[in-house]
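As written, the chains take the letters A, B, C and D, and residue 1 is the first residue of each chain.
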Amino acid sequence: MIDLQVELPGLKLKNPLMPASGCFGFGREYSKFYDLSLLGAVMMKAATGEERSGNPTPRVAETSSGMLNAIGLQNPGVAKIIKEEVPFLANYDTAVIANVAGSTVEEYEEVATKFNQTSDVHALELNISCPNVKEGGIQFGTDPEMAKHVTEKVKQASNKPVYVKLSPNVSNIVAMAKAVEEAGADGLTMINTLTGMQLHLPSRRPLIANKTGGLSGPAIKPIAIRMIYEVRQATNIPIIGMGGIQTAEDVLEFLLAGANAVAVGTANFQNPLILPELISELPEVLRKYGFSSVKEAVGKAVIE
Amino acid sequence: MKNTENEGWKNMRKVKMKLLEIREIAKDTIEMKLTDNYITEVAKPGQFISIALPNYTLPRPISIANIDRDKQELTLLFKIMGKGTNELAGFIPGAEIDCFGPNGNSFPLMSGEMTKVLLIGGGIGVPPLYYLGKQLKKQGIKVVSILGFQSSENVFYEKEFARLGETFIVTDDGSYGMKGFVTDAVTSVPSFNAYYACGPTGMLRALTTQLHNKTGYISLEERMGCTVGACAACVIPTTEGGYKKICHDGPVFAAEEVIL
Amino acid sequence: MIDLQVELPGLKLKNPLMPASGCFGFGREYSKFYDLSLLGAVMMKAATGEERSGNPTPRVAETSSGMLNAIGLQNPGVAKIIKEEVPFLANYDTAVIANVAGSTVEEYEEVATKFNQTSDVHALELNISCPNVKEGGIQFGTDPEMAKHVTEKVKQASNKPVYVKLSPNVSNIVAMAKAVEEAGADGLTMINTLTGMQLHLPSRRPLIANKTGGLSGPAIKPIAIRMIYEVRQATNIPIIGMGGIQTAEDVLEFLLAGANAVAVGTANFQNPLILPELISELPEVLRKYGFSSVKEAVGKAVIE
Amino acid sequence: MKNTENEGWKNMRKVKMKLLEIREIAKDTIEMKLTDNYITEVAKPGQFISIALPNYTLPRPISIANIDRDKQELTLLFKIMGKGTNELAGFIPGAEIDCFGPNGNSFPLMSGEMTKVLLIGGGIGVPPLYYLGKQLKKQGIKVVSILGFQSSENVFYEKEFARLGETFIVTDDGSYGMKGFVTDAVTSVPSFNAYYACGPTGMLRALTTQLHNKTGYISLEERMGCTVGACAACVIPTTEGGYKKICHDGPVFAAEEVIL
């Protein structure tokens, strides 16, 4: 028996697989395809203080082995999410991670404070890296001092474990990780999307109405693996890894690089059953490469 | 009238469909017949399916153009627009295609309330109207169709629609049927209870303005991520305020419900 | 007649297409496939002060729509390049751009000084962004002050126009571009590769012996387009764009984003005739999208 | 002896080859017959071709296993190792495959100097030796072959090599032929002028040590970028110091020339 369980701050996961924030809404749609209790956890779509309507359309574009998105944090606001979405997820036997977003430190604090009031949310994911909000979202994610500050404030505002989501659009990912570790982050989630752009030739305009969007999918996997590996060497807090995962072999690659658990985003779109499929395939892949549990594989890349 | 009670997407499943026939029915326009025992059983007119092509990141949404339940046969009509549709057009009979669906809501049929309806299709917006028209006719409703195309080489399914009822073909350049836009042809249909339209946004905008005092349903398109309602890529602003998701709350909307 | 000519500092190009540095050696191999006089220019492989043997193998790995490389600046040294390689390229009617690399500012100066002595080199490409040399190569490329300093020194050491090659592994590409523009750079070439890693599951080791490598190919194209667009808005010097170009439509996309000319790297490997093919296809693509010359398309993206 | 004068790669061209036949000749081992009028004309034993598969960034180098000049037929033998070879194995007769080559140098044939040679192949290192053996035999040179495989299910081309001369099959697990490694079998061949070997690096290292006082040529593999000598991905350190490029200066090297 291959042991898939993973224990992380605030999260007892039956397996290391979960949908990435923003790619799974609040679970309702994919619950038509399978029982969400199969999942290790669900990472909810970003929540802000008030309702947001997001960016104009088109909001997505396809790229080679990837996609761009600029949804722009469309969400009904934290209060409505707690009232209408969290109870839906509480019906399932899976951990719930709330993605906390905002334009100001105060807004982050407000959202975190609100989520603190429900026991059906098990951890917070601090989205300091969403590249699509003009009012400063990106700065939190690329300036270590600002990242530290917002992490400290959110830690104060909440008793829940805080996982900080790192942006890959930085010169030095290790500096970012260390800053938030120092600020008391309980864990890291990485990577968010890389900022990209695509032009539509007939109109000479960006394909994404917001001009730029975040690049996700298999195209960015080597960058995710590199960053997770670098951060694993330099910090001690757990990492939930993501960025281009498509196969159970990819999951193992993330574990070896140093991720304790993984999230799948873009791959849900092409295959709505990807998560249950990966969960059922992972034991065989672990066995094939000589592991008897997920825990055992974490950080086991041999690098001299 | 709202269509939110109409939650066809609750039946979504991932399936493999087997390609039975494929042929070019007009310039760059492909008709595919596929077989599958699930979607052909549950899908309704106006719904679409998502096609997952190997080596592409995003699924391709394609409307259901027809279903033969007895034969478990589903028809898709699509135009070669880019890489994905080009690749799809190269599949050969026997190929298995990864799909999921049926996605989205469907056209409200409102049996009993109507005696005559107008179907208005523009270009590659024509396909979903065919299955709709067949269902309407089956219910004894009189169907009149106006189909607009760029040019004679783009015209398809004229005979099929003619079998459903009176059919007007309109081409931008007048090379076939009437010259002009579908909006011109609409004036030649004296009376009808409701209209159903699908086509480019410009056409739908003109139509819904022209027919603002009629009951109408329009089927919309937008670039999509998940095609199931999870990613909020494919939104459309509503007259009530806020956004609806085309893949999930649509693609069919009451004409007055959305802001084009 | 569609006009493909491009004039850039030191470079009169018959068309905007050239091979990217490191992907074309010194031209000898691809000269078996076609006449190099067809090319707008040739960007030579990196030159250092002395001969370098590079990194251990494997040096390349394939990724989704991309590849990783860590060649590690293997080259015969600037003197031998001037003696044996530059004369070979001088046989062809094409511009020659020398790629200047090094581990210290002095080495950059030395290489630039040597290239200054041959009239068969028409411009220098200052490679401050090669991510594969441990001795500082990457720092020059991610620190605006260091980039400025080395650019100034190389400008002093040489009369040839200097194009600085920017690394995408930075939080702020515009700051880098502005720093080297201030330092007197005549142009920019962008982007170099993104640092990535891939693990080989059976051995649990990195597929690239050097651990990490540079990610190139179509996977990175949206990042290249975004960075070129951002830099075009903020600087006035010309840009030679690169990163994932595979089709003539891609070339036009780079021009619209703000590139004055483009280079093709990775795509040579899958199709050794890619450059002549793109050169012959470009006029039709320009015509199709309403342009009568390359110049006319530069920076014509419509972005509000 | 050096082989640098041997610049077969000067003839490289990009070509489309048409697939004639494809069959599995051993476990996960595919034989492909392709037709083309250029490469079959110029290629020599030991050279390889680069296969450009759609949707992959890098070409796949595959040795030329045989050429029938009259029929303009080229044979490749390859093992399904990963995504690319798996996809290649799914091609059907009639398919056109983008290739370029012939790449690399070739095995020196040294006619006149030799009367008997030993061919030593390990696993998927066997293919290039077949075309070599045929050429050597044609020149009247006696050919003895030692072919090593993991297990009986992996054995291929035994009959073909037997037609060239005495052939020993060795398997790691003894399930076919002799049990052991090719190095064990080498001791049973009393005398020969030279050996030619291709196989895993471990095997080549053992062999070149064992046969260090014999004239020997080995064909090497390495992960490649360009496959034409331009990118410096595929280097091997030489005994003289410095590196050589396997795709361009090799894949064939004199045994004493390189450091394995």
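Rule of thumb we're sticking to: a contact is a pair of C-beta atoms (placed from the backbone, for glycine too) under 8 Å apart; a residue touches a chain by one contact, two chains touch by 3 or more.
Only a predicted model underlies this, so the values are computations on that prediction, with no experimental measurement involved.
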Co-neighbours of subunit C and subunit D resolve to none
Farthest CA centroid from subunit A: chain D
Subunit A to subunit D, mean C-alpha position gap in Å, rounds to 47
Separation of the C-alpha centres, subunit B versus subunit D, in whole Å, is 56
Taking each chain's mean CA coordinate, subunit A and subunit C are separated, in whole Å, by 34
Residue ranges of subunit C touching at least 2 other chains are 63, 65-66, 217-218
Among subunit B residues, those touching two or more other chains are none
So, in the complex, the side of subunit A touching subunit B is made of residues 22-25, 28-30, 32-33, 45, 53-54, 57-63, 65-67, 69, 71, 74, 207, 217-218, 266, 268-273
Per the touch rule above, subunit A residues touching subunit C in the complex are 63-66, 68, 142, 169-172, 194-199, 201-206, 211-213, 215, 217-223, 225-226, 229, 244, 249, 252-253, 256-257, 289, 300-303
In their shared complex, subunit A is touched by residues of subunit B numbered 9-14, 52, 56-59, 98, 100, 222-236, 242-243, 248
